[in-house]
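Once you scroll down, you'll see the structures, which are given as structure tokens.
What follows is a pair of complexes built around chain A, which joins chain B in one and chain C in the other.
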Partner chain A sequence: MIEALLQALINGVIAGTILAVPALGFTAIFAVLNYPNFAIGALATVGAYAGWVGNTALGLPMVAALALAFAATAVAGLVVQWAAVKPLESAGALMMAIASLAAGLVLENALRFGFGNDLRGYDLPLLRDWRFGEFRVGPQQVQNFALALAAMGLLWAFLRYSRTGRAMRAVADNRDLALLRGVDPARVAAVTVAVGAGLAGMGGMLVGLDTSVDPLVGTRLVLSIFAAAVLGGLGSIPGAVAGAIAIGVAEEVAVLAFNPAYRLVVGFVVILAVLTLRPAGLFGARAS
Partner chain B sequence: MIITTRRTALFAGASLLAAPGLVRAQGAPIRLGTLTPLTGAGGPYGPVMANCVKSVVSDVNAAGGVLGRQVAVVSEDDQTNPEAGVRAARKLIDVDRVAAIMGTWASAVTTAVAPLCWESKTFLATVSGADSITALPHSGWLIRTQPNTTLQGRKFGEYAVELGAKKVFFMAPQTPFTQSQLANMKPPIDRAGGSIELLIYDATKPSLRTEVDQVLRARPDLIVLGGYTPDTTVLLRDIFRAGFRGKLLAYAYSVNQQMLSSLPNDVTEGIYTLAPSPAEGSGGFDRVKRIVGNDNPDPYTCQIYDQINLILMAMAVGNDATGQGIRDNIRKVSQGGGDRVDNAVDGLRAIAAGKKVDYDGASGPCDFTDAGDITDCKFRYEQVRAGRQTLIRIA
Partner chain C sequence: MTALAVEDLVGGYAAADHVVKGVSLAVAPGELVCVIGPNGAGKSTVLKLLTGLLRPRGGRVALDGRDVTGLPPRAVLEAGMVLVPQERNVFGTLTVEENLSMGCFLDPRRARSRMAAVMDRFPLLAERRRQLARTMSGGQRQILAMGQALMSEPRVLLLDEPTAGLSPKAATDLFGLVRATAASGVAVLMVEQNALQAMEISDRALVLVDGRNAHEGPAPALARDPAIRRLFLGGRGQGRMDTTGTARETSP
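And then the complex of A and B:
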């Protein structure tokens, strides 16, 4: 039983780390633009397809395909923002969230129209897991884990050291003060959406690498992404990472305790518990 | 000029009234609906199924229609999702006022849609397999061309025994047929001194590693995969990574060519599959091959081909183009002896000549019990070799 628990923990940390990438995108957009972008699932799907095209049609190696997934999804995110969300900005966060949900459905079906419903697999050999006594870890899992960590590291460096990253944090902390200091809100919003959507696309591709790509690959992640962001505190960058890892572990460990068919309950229970007991989440202050 | 115009109008009106009933009736076509999954897990099958129905109807219309009326097909998408299926069925029933709905694929969708059909006196023909469907209180408003899960489950159990399995694990998502599939697999395995266990997983989960670990801890020698294509793909990858060396047995509708081309060959090598077999070599099967343009049409397209042919002939034999007419007359054309026909154009001609017809279709003989189940069906046993399904036998 202990081995099963430890194995579930390993699986959960790896799944959570991958989940953290789109969760970071979701929470970054919330922090700066103050609305939950529910197109995040469809954007993750865009990334999965972009990476797949890069890898199979253009023959790109993984890191380059991941960069292509980021770039393509950043563009898709900006299109969603300008075409669907921005015109409803004055109607409030709820309308913006609904607009993003609708735009997500359009994106998902556009992909279905273009690529069909067929499952797509990356041009990668599937390797058997490495075994360490009773435990096992997959080479693909380890690679995805490393890529997810690298993406998060790059995001951290961008927010910490670049002028634009600092402007994003300033707007997230105190919008009015940032405006007084001469930060251009339109530019910061655009960069945030591009980076947030790009991260979602990278997350979609990482999940697609581990499984396969179809028009619903990102949509299946939405509840977990939202639960991770709520648990960590909507708008909190470290919170999204901690929340995603916690959700990843909880979903895997729950399999040992409950019927695995009830996995979705984990996400809902976490959202319900956090909103009831600590609405600001683990790390959030703004959300309260 | 005015007089001429008025005369013309009067003449036109009088001509319209005097026109034979046939001409006027052609203005109001008989409406039939297809409700197949164009998206979701059943997405690979639904579009082909809907096109097959349109092709049959187009041939019938070219030959003069049914009861002197043209037939119109309205196709909707159930998205392999009960909630979307109910919305689409409501549209077909309330807006399009179809006499029959054909082709519901997932058992959960059929279960949700069936009550709408019998309450509105719309006939429903389905390709879903769950036992519970024909046990619904449908009072004859439903038939299915797919063998039920009792039969399919027993075949899976017997085949697992034939493959030498002693310890079987059944991994499946929650569907209306999961429990009855397990219950019917169990007796043959028990009789052979083996055992079977069940793990139900969440079909939307991107990774099923922990679930696979749970199953492998029981050290099974055969795993039965009971899901649809997307989740079975995830499952197969995780089973391969975990290093499982035993046998795998699955539904042919999930381990299909689309899945085989998306996974490396070494992941799928050796998987055994089982599926209700279409009536290969029959006239109906050859017609479906021509309609879909390939030599290996899937069983669901063969079944919906049979459904549309039976429905068109039932309306003709009962001289009634409503759901009630189909319900009351479908068994008069599907069974009971008479001229053997495999398509509606020949059948309608025979019916017009006052002959009794007995339809034998692309999916099989298409004889139905009172509950709406088919009475006979063959199964197709295949194994994946080098990324392709290889036929072992049809029995």
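And then the complex of A and C:
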């Protein structure tokens, strides 16, 4: 039993780290634009397909395919923002969230129309799992874990050291003061949507690498992404990472006790518990 | 020579509701002018109208003779006028160093040299350069907010109630920094509720009532004027005013 629990912990940390990539995108968009972008699931699907096309049709190596997934989803995210969300900006966050949900459904069905419902797989070599005593880890899992860590590291460096990244943090912190200091909020919003959507696309591709690609690959992630962001504190970058790892571990551990069909219940339970006990989440102050 | 000239400024938060109904003022380089008045007189609204956070409905604003009326905040900043708001005037989740660099956002190439100059002027900021702004005391945050504003080397500095919420000691220290900033050649326009102390350090004072100029003149003379003291400063009290600008005596 202890071995099974430790194996679930390992799997959970890896799954949570991958989940953290789209969760970071979701929370970054919330922090700067003040609305939950529920198109994030469909955007993750766009990334999974873009990466798949890059890898199987164009023969790109994995890192290049991941960059293509980021770029394609960044463009898709901007289209969603400008076509569906921005026109409803004056109607408030709820309307913007609903618009993003609707745009996500359109995206998801456009992909279904274009690619069909078949499961697709990346062009990957079949490798045996690595064994460490009682524990097993797949080489692909490790590669995905490393790619997710690299994506998070790049995002951290961008936010910490670049002028645009600092402007994003400034707008998220205090929009009026950022405006007074010469920041263009419209430009920052566009960069944030592109980066946030791009991260969702990378997350979708990483999940696709772990499993397979179909039109619902991102949609299945939405609840977990939202739960991770709420748990960490909506708008908090470190919170999204901590929340995603916690959700990843909780989902894997839950599978030990319940039928795997119920793993999504973990997300619902976490959202309910956080909103009841600590609405601001672990790291955030904005959700309250 | 006038750094900032404002004529008959009119505006407010809604098209039909003008909080500011005709304010005129002028500030010369190196001069410190304080704006005092009762709550609701339109003091902070004047600053928002000057910096583009609100759009004026009438009047004219000129910086060094250049018309900047109704320009957006970025253009006003580029023209050389910067505002330190009353509340939330630093980025709490950014470090001191990052806050200062945001003050030079439009001219990042000069950020390093400007930061060195600002830290030289405010050594406290150099000591705390890696500290998150939200973990600083109120007085320290006000100094950081001033430092951030001075990063852009403004010709006109607007301060909105810089001593609000500070202890008497911190308020006195901050007034000293404001005075020194003006002495360095910057034109400073300061809105302040702590009227008596503000007039003590200012060159000139402007009293606003109901969105209009009510009194103006050299600050020391206004502070001594029995009519002004009786009308607006509550005699021997702390110099705070009620919403109508009428006298409110406070116990000594």
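Heads up, the rule we're going with is that the second predicted complex is superposed on the first by the 287 of 288 C-alpha atoms of A that agree within 3 Å, B and C clash if a C-alpha of one lies under 4 Å from a C-alpha of the other, contacts with A are read in each partner's own complex, and residues count from 1 in each chain.
The definition used in the following text is that a contact is a pair of C-beta atoms (placed from the backbone, for glycine too) under 8 Å apart; a residue touches a chain by one contact, two chains touch by 3 or more.
All of these numbers come straight from a predicted model, not from anything done at the bench.
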item: Partner chain(s) touched by A:L177 [first = chain B, second = chain C, both, neither]; value: second
item: Residue contacts on chain A - larger count, chain B or chain C; value: B
item: First, second, both or neither for A:P215, with chain B first and chain C second; value: first
item: Chain B versus chain C as contact partner of A:R112, first or second or both or neither; value: first
item: Partner chain(s) touched by A:R263 [first = chain B, second = chain C, both, neither]; value: first
item: Contacts on chain A seen with chain B and repeated with chain C across the two complexes; value: none
item: Partner chain A, residues of chain B touching it in the complex; value: 39-40, 43-44, 173-174, 199-202, 204-207, 209-211, 213-214, 217, 229-230, 233-234, 237, 240-243, 258-259, 262-264, 266-267
item: Footprint of chain B on chain A - complex, ascending; value: 4, 7-8, 11-12, 15, 112, 116-121, 125-129, 131, 136, 138, 140, 207, 210-212, 214-217, 220-221, 251-252, 255-256, 259-264
item: Residues on chain A engaged by chain C in the complex (per definition of touch); value: 163, 166-167, 169-170, 172-174, 176-184
item: Residue ranges of chain C touching chain A (in the complex, touch as defined); value: 51, 53, 73-74, 77-78, 82-83, 85, 88-94, 98, 101-103, 105-106, 108, 148, 152
